[in-house]
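Two complexes, one shared chain (subunit A), two partners (subunit B, subunit C).
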Partner chain A sequence: MTAPKKDFDFARPKTIEQLYNLVQECQHEGRQFIFSAGGTDIMPNLKSEILSPDIVISLTGLRALNNIEKQGDHIIIGALTSLSELCSNNNIQKYLPALARAAHKVASPQIRNRATIGGNIMVENRCSYINQSPINRESHSPCFKIGGDVCHLVKSAKRGDDILCQARFVSDTAPLLLLQNSTVNIIGPAGSKEIKLADLYLNDGIESKSLMHGEIITHIKVEITENSLSHYEKLTIRNALDFPSLGVAALRRGNGDISVALTGLNTRPGVFHAKLENHETSDDMIVDICRKANDFTVTYQQDFFPRGYRKNMISVFIRRAINKILEGAKS
Partner chain B sequence: MAEDVAFKHIEKTSLIGKRIKKPDAPAKAIGKTRYINDMVLPQMLYGKILHAGRPHAEIISIDTSEAEKLAGVHLVITAKDTPDLKLGFVKDNAPLKSKVLCERDEVAAVAAESEAIAAAAIKLIKVSYKDLPGVFSAKDGLKKDAPQIQENFPGNKSLKFKFKHGDLAEAEAGSDIILDHVFNVHYVTHCCMGTSCAIADFDHNGKLTIYSQTQYPYNYKMDLAPALGIDPGDIRVIQPTTGGSFGAKLDVYPYEPVAAILAQKTGRPVKVLFDREEEFINSPTRQPAAIHLRTGCTSDGILTFRSADVLMDNGAYTSWGPTVPVIMMRTVSGHYRVPVIDFKAQAVYSNNAYAGSFRGYGNVQMTYATAQHMDMFAEELSEKHGMDPIEFHLKNAQKSGEVTPQKSYLRECVLAECLTTAAAASDYVNKHKTYTEACTEEGRYKRGIGLASSIHNAGGAKIHKSDGCGTILKMDDYARVTVITGASEIGQGIDAVISQIVSEELGVPPEHVTLVNNDSDIGPWDVGVHASRTTFIAGNGAKRAAIKAKKQILAAASKQANVTAEELDLRGGYVVQDKDGAAVIRLDRMLRQMHFQPTPDVVMVSDYYEPNSELEGKDHISDHSAAYSHAVHIAEVVVDTYTGEVKVEKVTMAQDVGRVINRMGLEAQMEGGLAFGLGFALSEEMIFEEGRLLNPSFRDYKVPTAPEMPEIEMHFIESDCEEGPYGAKGIAELPTIVIAPAIANAVYNATGIRFLNPPMSPEKVARAIWEKKQADS
Partner chain C sequence: MKLLNLTINGRKHTKAVSPSMTLLDFLREELNLTGTKNGCDKGACGCCSVMIDDKPMLSCLLPALEAEGAAITTIEGIAKGNALHPVQEAMIEMGAIQCGFCTPAMVINGVHMLAKNNNPDDDEVKECISATVCRCTGYNSIEKALHLAASKMRRAAHDGS
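What follows is the complex of A and B.
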């Protein structure tokens, strides 16, 4: 895989207006387009021919979308903010240190320099079949996600099922953003809107995001939760360059309530809450949240850790994340 | 006395042991180096190979017509255009295949105007296959009803090795403890940053120039020629900068003759370059092996015998992989003092990938077993008889002058110093005791410390009739030195070492030494970069050539200064009086005076250094290396018993290096070697399903990254090897060999569980801990 196999055009509009003129032009001429921010997710997918657009429209000309600002009890993060910037930004370190940690756990320094937060929450779902080279894929028949009629992970899957494709959600930053009640600002040909981040995610690995084609995320608005502590833990074989085989963000509120969000398992992130007042001890609360997480999760052989191992690690990592918070609270 | 030497005194100093920068490092760091992968020749075509992608099949038909019609395609070739069975150790391989025996098999090849056209053309070749039942393990290959893989090898039996010494039955009877385990050592691959590449170019006289990453350019000609039907003398090998090799390029592989055949038939230069996935699937692996090891010991802690029965999956073809028992048996017979030896190895053809040579060459596999047996003995003797673990190792450690059953003569042997140095520096005995006690206690995180050692050849390995290296040295009128050596530079650092050695002898700065070593038409013969031999052999050659040059200069100077040559020396760019360093004449002046006289006396010397080792014979009894050395690694780990993650926190190493030459290069070799062994121990594994590689990418094949590297404390023990240059020994393979069993022993110390089948990946460790808990309760 030295170069994408299909040639494509490339454009970098400087303003939203230019962007939508171009989008309209493409729609009018029937040219397939995709958006690129840091390009670190789409580039491998172009090379392995999972994506084959006629034109790649880069969003990096929209300079105004590259900023981090505190507004009252919210932090506003421009979608084009790089993960490196996110890791080192004062406001993030002060108010959302676990988000900085999660961003730091993505890929490698070089990739984090290019990769954006917008791209990270939009990162394409993955599975061990689809994320192979075309040669390797060709030896199987094409799966649902690329227009075929089988799923190589869930052999029994058939058209008409609730979930056709089990490609898993892998964003490292989304879990924490979800726990912080984040919303995303979107603009599109039809105007702008704000939705909950949770509503961005859908159930199926093929259409895994609710964004309409042509819409872009401009900002993410993150709530600063008073008196809360949070943490992110990630299961990988190595400490760099690995997608999460499992990722756990945990948040403990001032009143002792705990919330947990998972990535790396299902087709969408999972979020679970437990209230201290409903449990006798805080350990009961953790047991409860682990049970909820386990019930929600269906693991498949989507990476090279056996599925059973990943399932077993859910409780281990939830406890690890919560313990780190408790240790932090003590010190 | 000329003005510039008046009152000038230069003291004798030495560069040996100092840190010398690798001359090519800055260019590599800033991306200026031009690797073979970057090269483009005028008129060059791009070759691309169609690989079978299935493990075992008959080829019913190949239709190349569509590919040939594609604009920009110059040629499509298949097996019928190429010579048959002319490659490999037993000539069982061919450039292009008429029957498919493994996933990588080269079925057809294209030469086209661009990479993209070549890739498109490959897709247009239509092959109809009839799939055949396959053999996917050595065990299955030996079954009576197993399909025969190679026509000329009935029963699928490939290479076989044997060595016996002493009376096994008697030794077993005299043993108080006998350990008996099977270790399964897995497939890993080299992961060179530069993928495989060859550019072939014929001239009008039929002479082939091949730009290659080979690490053995001279014998390479001999191996490549039969696959092309030309004379080895008609091949010129040029080695542009290589992006890593580590043993992967110690043989000729099909893509090389394919490039040459395409060039021969099109009359244009042709480049074949693998992409990363091709590299994973189609380059050689480390030889996997099932090692059935039995070792005996008395209750006094004296080893009585070692018997090893090794079963190797040969894969479909025979490259260097299945020859590794030659070194495995040296470990069985030479890793500590073992009086009775019984070694057997059998390689069996299968439809899997095939192995080549790989840093450590069989010793990575064998030491994983022998060093764990040593640890098991130490544990048992300490538990039952209160023996100190280091004492057990010391009792069995050889001393200088001892000879192993295979007649490896350990002239300078400092295994004992390596053991005591590493143990003291890491506080091994105390920590080991503390962690052993803590092992059965409650608690999530367990600490462990593990010791392993090994022996390896450190003065070449005479597996060819000559293990030598030629050197030509010339000096110009400005006292700049050019050294033309047979030794290749594949990143290991011989460039720095040779300039350092020559500078030491001739008193010129190392930057004034230029190395020429990448053209087989220019360089004198060398057997190649392997067996940790280059500093030892080529270093000796360079030193001897420099001494000849020095003699010549001092002889001329002695006439001028009216003293004997013995009273003179070369220092800091001057000829000086040896006793007080008083400058006699500037070196460049001296050289000009020698040159411009009625009978010119120009410095152009040569040397061929042949080590005093003995050829490895069929009986495997010979002193096959000019030196042997030992290393000890002590690994400290933390095991998360909930997740099975093993974190290596610190490694203390003590290695017999003979003498430090370039300290910076040496440290880099230690670190790099350790990284290889770390990946092998913990995370790297080629996962095969019915002969097909499931993880051909850096995403799924887990080489360690920077955060995985432990803290490393290095102790270099200088045994002062009589035969080595300035006392140096070869060093590069031991760090890869010793680390994995040290980690395994540390994990045992932490958890009480032995891991006989690497890698110790989190889920394997977690499962084993869980199973142990079940069994204990």
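What follows is the complex of A and C.
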């Protein structure tokens, strides 16, 4: 049997009120808690002792957060909507087909039946040193991400550095959601608020999200961009089960401006824009985006693919995604 | 320990479980339903697939308590008495079972796909088994078996109507 080493308690509150009573109780008693939605990201991390909370608080009892609705020129997606529901939803297929494509590229059919969109935009950053079995990790000392005093990837890193940990941002759905100017609705012990999705992401592989402990995302509000075209391309070795070695979302607005968002290439997602000049998508626009993307990229050897190859593929994948939407614009 | 109520293969169960026990361990260790396999225990091999409320999911990635109130189908619930499901028959006929370790998961995923669509194309069949790892067959015979099962099911639907 290979249950998590450290036993944890488990609770599934049915209402937000029950949830916050429990959170308060935990804070009062000093019990460490984490939230779980589909659990497909936290479970491997619990088993490999990257996470070791006293209690897992499941959000799946909050049924009201599992819905997709069109409100005017926005689509509101409940955080607990599963990725397979997202892929097959009529409104998503009609207004955000590239989001359906990106969600469909996550993990595997069985995982998408469970995994949620909220969990996907919150997915923990990854690194080839940390996302290993405890046995494998025994061969080197604990790194910063699990409270140790060293980084095996960037040997010169030390406490006090701006970026302590280079674990990669890997969400497949975030890039497109960022291009659609999405916002997230958050509730927490201190009340509710709405922030830009872009403001959810921070620079460090450890503190990679700006949510305060105890806050949850209830909905994601996605702008429908009139007359736009979009696409998502993902580099992986296998068609299933692989996290993105890199991922590129591209969007062409009705006025011809092009934006690109990247995943897998830094501790956070990157977003770049190019304005249309002289009514024509010029190669200069694409070259400019590729240059910005390359400047943004930090490719340490953290992936199956060699660094150089992955770096070369950035421009290839950006061009591929943009060409796909330009073909769509012609037809 | 916390009390868990759920239905497995049509039978109701109530049992006290450790909150950190996975559904996979619950099925294998507590109920002795060892048809569901533990290949990797971290979501990467598909061998622990079971149907939860009619959708295939990975039982190794789920605390058992998360299945409270759910209806679960494991490989033990696929045949009706001695009558095998067409997917099981086809797997045997096509030689799609070698060591058999991936078979329960291949069957669960295949049964789910064919219940929704008994005329899948090649891509749908490939997608259906894309995340269940088989170290023996090379997948070809499994794909053929699922196509054969589909034709058996179409024939049965035709004869029945």
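In this text, the second predicted complex is superposed on the first by the 326 of 331 C-alpha atoms of A that agree within 3 Å, B and C clash if a C-alpha of one lies under 4 Å from a C-alpha of the other, contacts with A are read in each partner's own complex, and residues count from 1 in each chain.
Everything that follows uses one rule, which is that a contact is a pair of C-beta atoms (placed from the backbone, for glycine too) under 8 Å apart; a residue touches a chain by one contact, two chains touch by 3 or more.
Remember, predicted model here, so these are calculated numbers, not experimental data.
With the C-alpha superposition on subunit A as described, subunit C and subunit B clash in the combined arrangement. In the superposed model, A:60 lies in contact with subunit C only, and not with subunit B.
Once the two complexes are laid over each other on the shared chain, residue contacts for A:241 go to subunit B and to subunit C alike. Of the two partner chains placed by the overlay, only subunit C lies in contact with A:9; subunit B stays clear of it. Applying the stated contact rule after C-alpha superposition, one finds that A:24 touches neither subunit B nor subunit C.
Of the two partner chains, subunit B is the only one that A:305 touches; subunit C does not reach it.
Contacts of A:313 after superposition: subunit B is touched, whereas subunit C is not reached. Looking at the shared chain after the overlay, A:136 reaches subunit B, while subunit C stays out of its contact range. Of the two partner chains placed around the shared chain by superposition, subunit C is the only one that A:113 touches, whereas subunit B remains out of contact. Once the two complexes are laid over each other on the shared chain, residue contacts for A:39 go to subunit C alone; subunit B is not touched. Common to the subunit B and subunit C contact sets on subunit A are residues 1-3, 108, 239-241. Partner subunit C is touched in their complex by these residues of subunit A: 1-4, 6-10, 12, 36, 39-40, 43-44, 46-48, 56, 58, 60, 84, 107-111, 113-114, 239-241.
Those residues of subunit B that touch subunit A in the complex are listed here as 53-54, 115-116, 119, 275-277, 642-643, 683, 687, 692, 695-700, 702, 704-708, 761-763, 766-767.
Chain contact summary for the complex, subunit A toward subunit B: residues 1-3, 5, 108, 128, 131-133, 135-136, 139, 235, 237-243, 303-306, 309, 312-313, 316-317, 320.
By the touch criterion given at the top, residues 2, 18-22, 25, 29, 38, 41-44, 46, 49, 55-58, 60-63, 65-66, 68, 109, 127-128, 130-131 of subunit C touch subunit A in their complex.
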